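Scroll down for the structure; my scribbles are underneath it.
Naming follows writing order (A, B, C, D, E and F), and every chain is counted from residue 1.
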Amino acid sequence: MPLIQVSMFAGRTAEQKRAFAQALTEAAVRTIGATPDSVDIIFTDVERGDWATAGRLWSDPPPAPVPRPEP
Amino acid sequence: MPLIQVSMFAGRTAEQKRAFAQALTEAAVRTIGATPDSVDIIFTDVERGDWATAGRLWSDPPPAPVPRPEP
Amino acid sequence: MPLIQVSMFAGRTAEQKRAFAQALTEAAVRTIGATPDSVDIIFTDVERGDWATAGRLWSDPPPAPVPRPEP
Amino acid sequence: MPLIQVSMFAGRTAEQKRAFAQALTEAAVRTIGATPDSVDIIFTDVERGDWATAGRLWSDPPPAPVPRPEP
Amino acid sequence: MPLIQVSMFAGRTAEQKRAFAQALTEAAVRTIGATPDSVDIIFTDVERGDWATAGRLWSDPPPAPVPRPEP
Amino acid sequence: MPLIQVSMFAGRTAEQKRAFAQALTEAAVRTIGATPDSVDIIFTDVERGDWATAGRLWSDPPPAPVPRPEP
């Protein structure tokens, strides 16, 4: 209380997760009055081939820009 | 908006996930009026030893059928 | 298998959810070979005051555009 | 990227959620290098009758302390 | 550790949730050696209009059986 | 119905998961009247470096106790 479940691209280091966990916990303590002990955080690493936005997997190249007709 | 989180058995190819992501996005666009850019999809592969139905892990063999008495 | 959990803004009608559920199920059947019976979908309505992007709740007005200096 | 899903007891005000969303976003920007636009947050209010720890619903009173025998 | 998130149809009483929470906690203690204090459970009530199986919302009537041709 | 999603530290054996799945299913059958077939369970293994409580990753050593001043 709160429980914070974070999905993010794989590749963060242990040091980054450590700092992120501390910062998320401090955010909960400062803004909603949670006690530090009550803050649970679970990180889930997601591969780019498992996340899609606008129908495109993040492991795939972005669509080429539409060429403008020459003047 | 929407966020679509899909849990499914591991083993799908990148090509299947690519097609699935496109089809899910089109479903959201066509039926609830989402814009494509607003559709986020996260796939989670689940091993058969991590999914249970009716108390049985999918990695375990199904129960043998109850033999019918001979007539 | 698959389990599809959808978070979206509250306000969709039953008819929209019905059509969305059918479309998501068909997407799973067509692209990953799921059987219809195996597709479970759970919709979660999220109020705009419970979703934030870029640190801003969707219930809050977007920031005013930065005025460009006059030429 | 990241997606931050927060479950917490119901009762926080819009102002608290606004501040929490900002603080979570800043935490992601500062510690894992996320861009603000990429941070999505979904809050889920949980009633005390829907959360249990150690087998006890938070809507129920804590167990009475075991009385110590008199000396 | 473990965190148990349960989605089920709305309508269970507080008494049922209380008993369910106790039973889930005991299951974790007995089978994976969790300490009771470490077991967190969150219940989510889902309306029948928000859950679909085989493309059909549970708030909708099941399809009529296909009539067999008369002999 | 119900859907039970369990997050726990990695390291449980298949035998423990099998027993846990059976016990969770029996808990649902006994306390909320679910039919066994309707109980779906998904286990998610979480590494200790991906779970934090009170701002500390479980892969990190607990803080040293504060030394008491000598009398």
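Please note the rule applied: a contact is a pair of C-beta atoms (placed from the backbone, for glycine too) under 8 Å apart; a residue touches a chain by one contact, two chains touch by 3 or more.
Not measured: the values here are computed from a predicted model.
Of all chains, the one whose mean C-alpha position sits at the greatest distance from that of subunit C is F.
In this assembly, the chain whose C-alpha centre lies farthest from subunit A is E.
Between the chain pairs D-E and A-D, more C-beta pairs are in contact across A-D. Two copies of one sequence, subunit B and subunit C, touch each other mainly through matching residues, since over half of the numbers at the interface are common to both. The centroid of the Cα atoms in subunit A and the matching centroid in subunit E are 29 Å apart.
Centre-to-centre, using mean CA coordinates, subunit C is 23 Å away from subunit D. Residues of subunit C in contact with at least two other chains: 3, 7, 22, 24, 26, 40, 42, 51.
Listed by label, the pairs of touching chains are A-B, A-D, A-E, A-F, B-C, B-D, B-F, C-D, C-E, C-F, D-E, E-F. Interface residues of subunit C facing subunit E in the complex, by the touch rule stated above, are 14, 17-18, 21-22, 24-26, 36-37, 39-45. Taken in their complex, subunit A has these residues touching subunit D: 1-9, 12, 16, 19-20, 22-24, 26-28, 30-32, 34, 51, 58. If you check the complex, the residues on subunit E that touch subunit C are 7, 46, 49-57, 59-60. By the touch criterion stated above, subunit E contacts subunit A in their complex at residues 3, 40, 42.
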